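Lettered A, B and C in written order, each chain numbered from 1.
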């Protein structure tokens, strides 16, 4: 079976983007191809004009007594970790064409780390029979 | 290995329901069997009396500067896309018996798109060794 | 291929912890090895001093007209279900070393159900080519 790791990256908070990026980097470091489809809020986080802002934390972080990120949310290196994953191995990042349309985003407005627009069919075909995560 | 795509559909916001529905429809269009288990808020969204309301967006959408759905949240066609997936191929939608109990929902109160109640064991057996997503 | 079920457990609300625990218990009951990596808010929920508090529900539960857990949130037996999964079969729970660092948590402060600290590479290697979920 395929050893490609495929991730539908839906969430746009720094912690979940970081979780996705570390899984991508881990797989890339092991020599596995990585196939990422950006949807909705993850796609929105990759807009060039927003990529460096503080993307906040998941709702779960607001529970009473929850721990706080030691160095603050802004320091969570999700974008750098995606960059590193791309340098480490073979990783493609596609912007979901359906989500681009729903949110009215132009592919030209995204960070250059994004390779191209792509649909669900292309994503599933690239994933083949390998592992797929939804984050 | 099995080419069935299995999805534990947990989330109840329109954007995540839509993400699940488009993956289901994409797999069905490719001739793959689709196996869905509705838990918690996705199950709650399939109650017949709620299925047409505005199910809102994930918490991530509230980030400062986030994009908005161009046609509004109510226009995100998650239910139509699940219907289409069922017409396109072989898709079963089960209501998790544990979640029905926790939320006090009767199977008779769900939209007719839901086939039956089912448990985790049945879901995992139907998934066989194919891809599984949690949304 | 491997029949191990691997779960990146990221979310820290009682409903999502419960969803992860029931999948883990279901797989364990079927004789499958279960491999869990705790990240961020799921890791935080396993701190010994917080493990028994009310961990609340996902943001989706706040939608207008949403159902409520019949016996309240505190009664959702996520920790007991993880305990049961461990008694039923072969389950390992690792605390993500990256998340421990980001949140400033010491491994000694976690519930004894957590076996050890571990990284992404170990998680992916243990997962082999089996099913992987992100919750």
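The working rule: a contact is a pair of C-beta atoms (placed from the backbone, for glycine too) under 8 Å apart; a residue touches a chain by one contact, two chains touch by 3 or more.
What you are looking at is a predicted structure, and each value in this text was computed from that prediction instead of being measured.
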| item | value |
| --- | --- |
| Chain A onto chain B, rotation angle from CA fit, given as a multiple of 5 degrees | 120 |
| Copies chain C and chain B - interface residue numbers shared by over half, same or different | different |
| Computed distance of Cα centres, chain C from chain B, in Å | 22 |
| Set of chain C residues in contact with two or more other chains | 1, 58-59, 131, 133-134 |
| Chain C partner contacts - residues on chain B that touch it in the complex | 1, 8, 10-13, 16, 39-41, 44, 47, 50, 53, 55-56, 58-59, 98, 101-105, 119-121, 123-125, 127, 129, 131-134 |
| Chain C residues within the chain B interface of the complex | 1, 3, 5, 15-16, 18-19, 22-23, 25-27, 29-30, 58-61, 63-71, 76, 130-131, 133-135 |
